[in-house]
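Letters A, B and C mark the chains in the order given here, with residues in each chain numbered from 1 onward.
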Amino acid sequence: MTEAALAGLVFLPLLGACLLLLVPRQWRTALVLLVVVPLPVLLLPITAVVWQQQAVQMAVAGHALPLGIVWRVDALSLLLLWLNAFLLVFVGLQALTRFPPATPAGLRFWPLWLLLAAGIHALLLSADLFNLYVTLELVTLAGIGLIATSNRPAALQAAMRYLLLALMASLLYLLGVGLIYAEIGTLDLYEAGNLLEPGLLPATAMVLMITGLLVKAAIFPLHAWLPAAHGNAPGPVSALLSAIVVKVSIYIVWRLWFWTAEGWPMPALELFLGLLGAGAILYGSALALVQKRLKMVIAYSTVAQLGYLMLIFPLASLLAWQAAGFHLVSHGLAKAALFVAAGNILASLGTDRLRRLAGLDQRLPLDVFTLALASVSLMGLPPSGGFIGKWLFLQAAWEQGAWGWMALIALGGLLAAAYLFRILALTCFHPRSHGHSSRLREPPSRASLAGLLLALAAIGLGFASAPILTMLASAWPGVIAP
Amino acid sequence: MSSAVLFVIVAALLFGIGVYGLIIAGHLLRKLFAINIMGNAIFILMVAASGPLDGKPDALPQALVLTGIVIAVSATAFALALMVRLYQLTGQASLHNNEGGDD
Amino acid sequence: MIPLLLFWLPLVTVLVSAVAGLAIFVAGERRQRLRTWLNLAAAVLKLMLIALIGLLVMAGHTPEFRISLLPELDLVLRADALSMLFATLSALLWLVTTIYAIAYLEHAPNRARFFGFFSLCVASTMGIAMAGNLVTFFIFYELLTLTTWPLVVHTGTAAAIASGRTYLRYTLTGSAVFLIGLVWLYGLAGGQDFIAGGTISELGLDQDWSLRIIFLLLVIGMGVKAALFPLHAWLPKAMVAPAPVSALLHAVAVVKAGAFGLVRVIEDVYGPALVSELGLGLPLAIAAAFTIIYGSALALFQTDIKKRLAFSTVSQVSYIILGVAIGGPVATIGGLVHLVHQGLMKITLFFCAGIFANFLGVKKISQLDGIGRRLPWTSACFTIGALGMIGLPPVAGFISKWYLGAGAVAAGQPWVIIVLVTSTLLNAAYFLPLLKRIWLHDPPRQWPAEVQVSRLETAAMVGSSITTALFSLAVGLLAGFPLSPLNWVTGIVTEYFP
């Protein structure tokens, strides 16, 4: 049952992607629904098993290592799988209105979308280093393909830049994998953790892999590709890219750091990674403050928010782990909501230039409300998922007497408030400037509803933290043996 | 000089050429070449690590390299398609700094 | 039945106005009649719920709602005597302010948005009143910031947006500081519920410096909203908002939330004993005393009526802080009772200022000449409020000042008398010239901008002012009656100083 569900997670979207190209036009919508809707259902049996046994493992098609592929799900991957399923369904709701599957644009879009879903699932299931490389490529290529569906020069430029950097980053990662295999002769993520001893070669390999992944995760100062790519992609694509695609690279970094390189003495590197996070928070927020387009503000906000995920390295405790995991989920939901709403606004107005957004609350109240709700969570104001994440981070920093990090986290919240309130003041309280044409296409209510539901989920997370924190605690590498 | 060292030196040289090309080249086609050269450097290194040329080599790295080559080919094809589209839209096959993009 | 009621009642009381607020948003701009009914029904319902809770509390029950936010961290809404004091005050004043605001904004745009946030703001205030621990308090404190900001920038003019920015800068920075103090305190002592006499008294003196710094952080966090010098600058700027908002900010919600939070921290988290052991009372009292003098002195130089009232608020709210900071039962009574008294008197003054501006376009003090003949009822209310602020018996303000002075002497801090006397003189100096202009000067031939106001609107606005003015007279005159604020506060304070 569980094994079938695991296989379904990867092969159902893959199959759907292929079939979409073959079936008649009028069946496409049904096919998309048939693939996306069961995905959360597939997670139920897996969740039940992980809840009891902490982890599920299977060898695909019965082939064991080294040539076979092994899948392994623990609570951390499960959490991301749930986030992804949630995003696929709700962002998909907007995508359905934006790219109706029966149209040619839909035919370009949906196979890539399903391919991206399959790639993310496969990545989260993978338990060996090389498979992670393959799935990471799959995710990146599908993501870039989706950016390019926008077909505008700016988007294509951004996609191209993203592609070149991502290819280079993958090669760095692959080089690291090769070095590790040469050293210990295995690629299993968890076995490598037992066999690998700190030394020059493993350390080099680790640095190479992490550098490559940080490029893909757009961690400051390797973030330069992200704002343009996420800011120019079509609405639903931006949402998925910012909410989950960059996160899965960080997920691999966490895996490498806390499982494969577990127990290596690297205090200087820990601090360095933390400082990168600090740089991301400060620099990303500062640039978000001066952007002239809504989607660019949100994209730079992603650069900033990703920085929090790096604070786990210097803090390195159960609380920090829970904080980072929780932040990952709550940011995912809030950011997806922001991008969905921004996408609706862009589609209705034909522009997302900030000075054109004055008085928008009268014209698109639902989307502006979504912006506001998601902003509350992103700023870490209570009661919201963002607040719980911020609280846990502060508590983790306090526990270690890390006053500097506490100050940084508080400052990060203030900066987020600065750039988000700027948008809210503009959309709601500036009187509408005259002279601009009032052409406005109401976004379909389904698309607005999708954003609203995501934003409500981001807020509601503040009241449902217990199960997520329990799951994260059970996945804490300090507790379970690899 | 043992063959392994030779492989490592060649790989390092190729990787260096690739990085240089990626940074210096303006035309996207050249950048793509550069990335492929970097990839080949890594593949050479992995093959070299798979064992002595005369003895019985380890099959796994070779399988990995094969997979890597397949991925490199498809990624390159994708990049070429993207480049062609970009050229059709803008008349240029190079990157500019306009991250904010148009409206 | 009763346990269920006791569990849900606090939450329902908080949510009534939140639901009303959301309903108002959904109803939209055009359905004015529905909006008015929603506003009034919610305000009346809330008052009835508060009365019900009050009866339950008097019968010895403790209504308490509790859900877990994080392991060992609960969101607690609980009704005790102190929360009932604040809750009753804000629910009562909300009803009056709503009536006033409906009339005041009769022809203004964006009323749905205004009343929606107005209701949400009251829901946050109610949450602050009923918060059963410091974390819950913080959550609603932040919500209050979020829901009042749209009211401050409501008019959308450049000045309003700039003052909104200032407001956010102050309050959000303050709450970031608050949050750090809160996490620190939580790390030391856990997330305990408020208890009269303090939750952390066992922590004692081994952590004395940590506790002092935490206290400072919390005081900064609350002090921003309570407009404690030097964190007060946002308040006079926020005067660009419509008059009902100013009334709400000054008398019911924002500054009161800050002062109320300080009371909670001193009485229910640290406890008066620990505060005096750590030597924290005196510095806070000095800061409050300075703010009292400073606010009054600056009020003297304002030519704008609302600006003068704003600086008067800066000064008056610090009476509350001064009272609880001095310590000792009598001064604490003085401080707490001023929470109610200042609210009643200040809201009266703002209502009147709003009427002056709305009916006749009178905004400057120099324009007040002879307005007593034109608007006698309003001017009479204004006079009652002003005299109360000065501390003239039998208006409510006198009682606060009396208890503060007596308490200071009892606590061995006679210097406070000098502060009180100076402040009273200053109060007189900035209010009496206004009264002189209102009653003794001749009216001008033409008012700056006279508008025709319908009879119903006039009745609503002037009626609201008269109601609050009468209340501020009544709580002074009837201070000896069992349900008067003074007796209520005395009951609360006996718990703190058994």
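The rule is short, and it goes like this: a contact is a pair of C-beta atoms (placed from the backbone, for glycine too) under 8 Å apart; a residue touches a chain by one contact, two chains touch by 3 or more.
Note that this is a predicted model, so its numbers are computed, not measured.
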Message = Relative to subunit B, which chain's C-alpha centre is the most remote?
response = C
Key: Most extensive contact between chains (C-beta pair count)   = A-B
Key: Innermost chain by mean C-alpha position   = A
Key: Gap in Å, rounded to a whole number, between the CA centres of subunit C and subunit A   = 43
Message = Centroid from C-alpha atoms only, then distance subunit A to subunit B, rounded to Å. What do you get?
response = 27
Remark   = Distance in whole angstrom between the CA centres of subunit B and subunit C is 67
Note = The answer for subunit B against subunit A in the complex is residues 22, 28, 31-32, 35, 38-39, 42, 45-46, 49, 58-61, 63-64, 67-68, 71, 74-75, 78-79, 82-83, 85-86, 89-90, 95-96, 98-103
Ask   = Which positions of subunit A touch subunit B when the two form their complex?
value = 66-67, 130, 133-134, 137, 141, 144-145, 148, 151-161, 163-164, 167-168, 171, 174-175, 177-179, 181-182, 185, 187, 227-228, 231-232, 291-293, 296, 350-351, 353
In the complex with subunit C, residue positions of subunit A that touch it = 361, 365, 376, 381-383, 387-388, 390-392, 394-395, 398-399, 406-407, 410-411, 413-414, 417, 421, 425, 428-431, 462-463, 465-466, 469
Task = Within their complex, state which residues of subunit C touch subunit A.
result = 25, 67-71, 75, 113, 138-139, 142-143, 145-146, 149-150, 153-154, 156, 160-161, 164-165, 168, 172-173, 176-177, 179-180, 183-184, 186-187
